[in-house]
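Chain naming follows the written order as A, B, C and D, and within any one chain the residues start at number 1.
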Amino acid sequence: MDLVKYSVRRFGYMIVTLWFIITVTFFLMHLLPGSPLRNEEKLPPQIKEQILKEYGLKDPLHVQYFRYMGGLLKGDLGTSMTFDGKKITDMVMEGFPASAQLGLQAIILGCLIGLILGVISGLRRGSWVDNITTVIAVLGVSVPSFVIAAVLSYSLGLKLGWFPVALWGTFSHTVLPTLALTFIVIAQIARYTRTEMVEVLEQDYIKTAKAKGLARNKILSKHALRNALIPAVTILGPMTVNLMTGSMVVELIFAIPGMGKLFVDCINNKDLTLIMGTTTFYSAFLLFAIFIVDILYGLIDPRIRVAQSGKE
Amino acid sequence: MRKKLALSLGLLLASSSVLAACGGGGGGNTANEKPQDTKTLEWYMGEDPKTLDYALDVDQSMNYLISNSMDGLFRLDADHKPQPAIAEGQPQISSDKKTYTFKLRDAKWSDGKPVTAKDFEFAWKRVVDPKTASQYANIMFFIENAQEINQGKKPADTLGVKAKDDKTLEVKLKNPTPFFLDLVAFATYLPQREDIVKKHGKAYGVTPDKLVYNGPFEISTESKKGKFVLKKNQNYWDKDKVKLEKVNLHSIEDDATAVKLYETGKLAWSGPLSGAFLTKYKNHKDKFVPPYASSWVLIQNFKAKDPNKAKFFGNKKIREAIDLSVDRNTLVDKVLRTGRPSGSWVPKEITVTSGKSIREESKLDPTKPDPAKAKQLLQEGLKEAGLSSAPTLEILVNNIDPNPQIAQYIKEELRKNLGLNTVVKSVPFKQRLELSDRGEFDLVLYGWGPDYNDPMTYMEFWTSDSPNNKGKWSNAEYDKLIEKSYSNTNFEERSKDLMKAEKIWVDDHATVPLYQSDRLYLVKPYVKGVKWHFFNADFDLKEAYIESK
Amino acid sequence: MKETMKLTPDMFQPAEIDDSAKNAIARPSIGFWKDVWRRFYRNVGAMVGLVLLSIILVLTFVGPSMGKTDYQAQNLSVQDQEPTFQNMISGDDYRFGTDNLGRDLWTRVWYGTKVSLMIALLAAILEIVFGVTIGVISGYFGGMVDNILQRVIEVLYGIPNLIVVILFLIIFDPGIVPIALALALTNWLPTARIVRAQVLKLKSQEYVLAARTLGSGHIRTMTKHLLPNIVSIVIIAVMFAIPSAIFYEAFLSFIGLGLRPPEASLGVIINDGAQNLQIFPHELLIPSVIIGIMMLSFNLIGDGLRDALDPRMRK
Amino acid sequence: MSKVLEVKDLQVSFKTYSGEVHAVRGVSFDLDEGETIAIVGESGCGKSVTSQTLMRLLPSPPSVIKGGEVLFDGKDLTKVSEKEMEKIRGAQIAMIFQDPMTSLNPTLKVGDQITEGLMKHHKMSKSDAKKKAVEMLKKVGIPSPEKRINQYPHQFSGGMRQRAMIAIALACAPKVLIADEPTTALDVTIQAQIIDLMKELQKDIKTSIILITHDLGVVADIAKRVVVMYAGKVVESGTLEEIFYQPKHPYTWGLLASMPRLDQTSDQELLPIPGSPPDLFKPPKGCPFAARCKHAMKICLEEMPEATKVSSTHQVACWLEHDMAPKVEPPAAAVGGE
């Protein structure tokens, strides 16, 4: 079966790419200037030695590399240097559920709204829906998320009291941060869908479908939408990963125990193992998402499958 | 040491105030409603603690948790004076003031096992053992052989601490240390259970269930990322005084968020306010300014890599000119919106042997700005130093508010009053530490908070061989006075010497004292019995309660 | 036929028609760019965008000199002054009010807009140069070269942007050029992908094959035959790259890695103002509105250009 | 024979940025049952616009039907509602397009694209429609149709795709089939096969065909009557023989002269028509061909000639037919070797 062969092949690529990413990051990271230790100024040299030894940083680089890769194979991302003794797997897994929940909610909501807006404005170019969509799409990408988050929390949270201003717990706690995150999704999805809709509607096969006497709705749902969705699916993969791995800004403002801040903290603290861990997690997740998108793509667009498996 | 706390606090304060977008609205309608549950307190905490193993390190959040769930030999009272806790009564102190013998009371760990002198001996030895690689080991260096052990020169069992029996602990100090009882109230001096440490190994202290507690509360296993829970420790020896059943500590890194939560009644305490919130809440009825000590200075690099800059800072007239050109009143009133102008290094909260504030005994007033004189001094100084013009200077700060604002203000003052060109370099916290360690700066903004209530916590900062002395200012007389004070058993004279040293530091314009910070909190009026401290942990909830009418 | 016309025999004399007129194309041929401009010109949204952007551009040059003080002078006696409509028009006092250090927001905002635009433009150019070069090479040569380049791009894709950018800015101090470089460093990847896809499509078309058959060299084929045909997608990419760079720069300020104070960019100003949203909203709202207008303009122009450049619309 | 379709004075314009394009300016023709007519002309002459207007396929805006009527089955198709139109499209009037590569949906199986119309118009069940689809594919000459219905368009060759298009169009046995340049995009050998196929099926299904093309060779193969269009107008119409052997309009002459024919002697050259069609933004007030016409007279530039009946089936719009006009013989290249 084509699809199976195609999937296996993509999966193989994914593993090789992941290995490359990890290797590149590993060696790049050791080029970071400065010491990975906290407060090194007041640490006596033996203690520094001791800490470096404990994290295996005294070994030659290739030894460290193979040890790290060995750990990875066992699903071990190592131990954080800033959070003494804490397993990075645990750190990621502590923050991931909250981030992932928000990210998924934002993606689902954003896709729904974005698709509707995009389709309508693609169908009725120049109409008021189109104009409003353009404005939303532009605002969605032109107002920094920290402004959106702050304004939402202030207005709907504090002033109107509709939703909790911050913290984590019940579903109502997720409403404002989801809204804050979903703007960008709406903006991007609407924009892509609109463009594609316009493009697809000009295709000959739409004319063919119309000439068959199919009703407008049928043409849209069966012929236009499916083809217009392909590019949206492509951006959906990376977008989902980015959102599900947490937005530092939104998590900070809504005091959400997510993993977004790890990406900034790990560098600011020069926590080598944490940088490696977050990068590995992110990359693996991203590649997996791209893999899924590729498969989806293959399902939606039969041409891809064949072309990619080298048949045509 | 405490600096780290002060600064990690700054870090938090900063990362939070970066976005201090929306604060409490108008009055907050739900603001002062009593919580329905008067046994549970909703409390503020900055970042999540990095670890709960207090032997390794002490950060602000961990200190919040540990200081409320553990009891040391002593515990600070409402007036910041150490009072016996696990120790039963005052220790016996030898005539040379170097040997302390503590008697322990009957106390239990949260798992029901008794607290013994062995637990202290084990804990302290573990901290100084270089294999533990504690980042806070140097707070133990007052104990005999601690430093040598930590540096690997002596074995761990030579440490001057011994459990004579289960209830008797004998401690030998290196020097007479008047503030030693302050120290034994500090997190690093808390007891640890050998069996528990051995049992969990590397995982010890990573999560709340990997520790045992002997204090008013225990850290509940309900705790998770973002929300730590303290619940009353039923095995605590003094549990009758503990009124709260539960405290929820929420990790909030954005202080606008903390204020909003306070306004909506979701928090009973909102941590230090910053920026415009200080203006807004200046006259709020819930405003609370706890005693707080933190001293901020601008360090000048005497050993700057550029020889012209080294010459520049090497000239006393130029240093005085810089000192005279900064208006501290405006800095405090307008830029910081809180705090006090400073003309000294040790804050007024620190007391000396007489029991009075150091600032009452040694008045060192903030410099009055005098641009005209400053300009003249600069010209004279440049001539003396053989410089044709002043070099462009770099002001190094961390990127945590309000530090970049302070730097911008100083930049503008130096430009306006002295015509000096400066560049502000604001970098992440850790990078600033590294750059200042390596001496890669011209001017750097630094703050310091006390580890214990004695001028020494500040004064040892500027000795020639101190790792904290980033600017490499060096003064033989100053060094001698500090050296002498370490071992001086005449505490009266010691106090005087330390004040004399501080005066030398001020008169030589070693650094530019800027301000001493204050903190403005919002605390719900129904919260009673919290003890707020300017060193050790910020607050003690042991006897706190929610007032119900 | 209208019967009002009277037919006379002389009407049936052969008409003199200039031979050259026969071969002349009846409709004046319009150059591609002229045609693009004409379509662009008729697009109301795009023109609104162009006008708004022009106004902003002009203000970035004249704005700072219209302020009361330069962008970094502090006057702490008038901290956080709110703007009034009257001042905004007359300029008697601070037009946009002052910020938390008593600096003239009018001057700062326009100065900052200029800096933001410079960063964005530089980032966009670098990104395009990088992306187009790699994209064209990858798409044109295909095979092994393409395979390797695509794998490299995939690997780079996998490393979180944030980590790369922060790393870069810690090694090189933040300034206009390093920030632009850092942004370009992560953003050229999508451009390269789009360009590659386009080149792949074009490569198989007859005119490229024809050029190759006629002995046109690789470089010539790429620059003469392929590049002009990807100009439109490149222009559109630039139009969208600029706003996203402005945006990212604002985010960098938020995490404390933006330009160093008192240097100003829109990101820095918005970030400063965000702290005071509730208390002194003008410090956030004014720069946010400007960034919003600017983004809107770029997007409208980008949309307009895309419509104008799309040959299928050409009729 | 009864008329299936009658087009009267159809006028269609496009509103664009640069103004109104008068693409079709008063076109009239009719179509008998079972008959095949061809509409020929250069690209841009309005033949495709006319055909798509019959099915109301042009998006509006930018297209506007400015006047005229399209009578089909007693209804004016320019006036019926979109709902009614949907019932007519595919069922009564079907269409084949020029490019089989793009007119099939790449993401749907070929079979599904055939069954769609059947399920809609004939209310067939999925399985019945499928059977019918197999039958149709067999009819259009696609081998192993059972397998092919489950394939995607990209798995078909160009000629097969056009066969599939024909299968789609004829599935519901429409009264009228509009074939818009059905062979232009195909190889010459395939072209003939497709035309033969259409002829065959026409007998079978008894459908009328409107063939749109610029290729007179194709016309000669299949059409009974020919409509010649130029710049949005019908300049000449008549039976195949009339158009091929007694052409009256200089434009028709030009078209014929530019077409290779079997009876051509080797020394005869193919003659292109010089110049290019007028700008339909501002159509000339006289004859649109005047500027390119060798025989143009002053009147041609001033006034549009009316259609003149040459015979009951043959009409031409040219001033040369006027009594006062000089007699002009068609060039030899146009009317053949004699």
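As a convention for this text, a contact is a pair of C-beta atoms (placed from the backbone, for glycine too) under 8 Å apart; a residue touches a chain by one contact, two chains touch by 3 or more.
Computed from a prediction, not measured in an experiment: that's the story for all the values here.
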Provide the labels of all chains in contact with chain B and in contact with chain D.
-> A, C
Per-chain Cα centre nearest the global Cα centre, belonging to chain = A
Among all chain pairs, the one with the most C-beta contacts = A-B
Using mean CA coordinates as chain centres, what's the chain A-chain C distance in Å?
-> 25
In whole angstrom, what separates the CA-based centres of chain A and chain B?
-> 39
Cα-centroid distance, chain B relative to chain C, in whole angstrom | 49
Which integer distance in Å separates the CA centroid of chain A from that of chain D?
-> 52
For chain B, residues contacting two or more additional chains = 15, 19, 21-22, 24-25, 256, 428, 431
For chain D, jot down the residues that touch at least 2 other chains.
-> none
What positions in chain C touch 2 or more of the other chains?
-> 170, 254-255, 271, 274, 277-278, 284
Can you name every pair of chains that touch?
-> A-B, A-C, A-D, B-C, C-D
Okay, in this complex, where on chain A does chain C touch?
-> 13, 16-18, 20-21, 24-25, 28, 32-33, 134-135, 137-139, 141-147, 150-151, 154, 202, 238, 245, 248-249, 263-264, 266-268, 275, 278-279, 282-283, 286-287
Please give the residue numbers of chain C that touch chain A in the complex, ascending.
-> 45, 151, 154-155, 157-160, 162-163, 166-167, 170-171, 243-244, 247, 250-251, 254-255, 267, 270-271, 274, 277-278, 284, 288, 291-292, 294-296, 299-300, 303, 312
Which positions of chain D touch chain A when the two form their complex?
-> 52, 55, 57, 82, 86-91, 94-95, 97, 99, 102-108, 113, 116-117, 120-121, 152, 154-155, 165, 168-169
Chain D partner, complex, touching residues on chain A are 203-205, 207-216, 218, 222-223, 226-227, 300-303, 306, 312
Given the complex, residues on chain B that touch chain C span 14-15, 17-25, 256, 274-277, 279-280, 330, 334-335, 399-401, 404-405, 407-409, 411-412, 423-428, 431
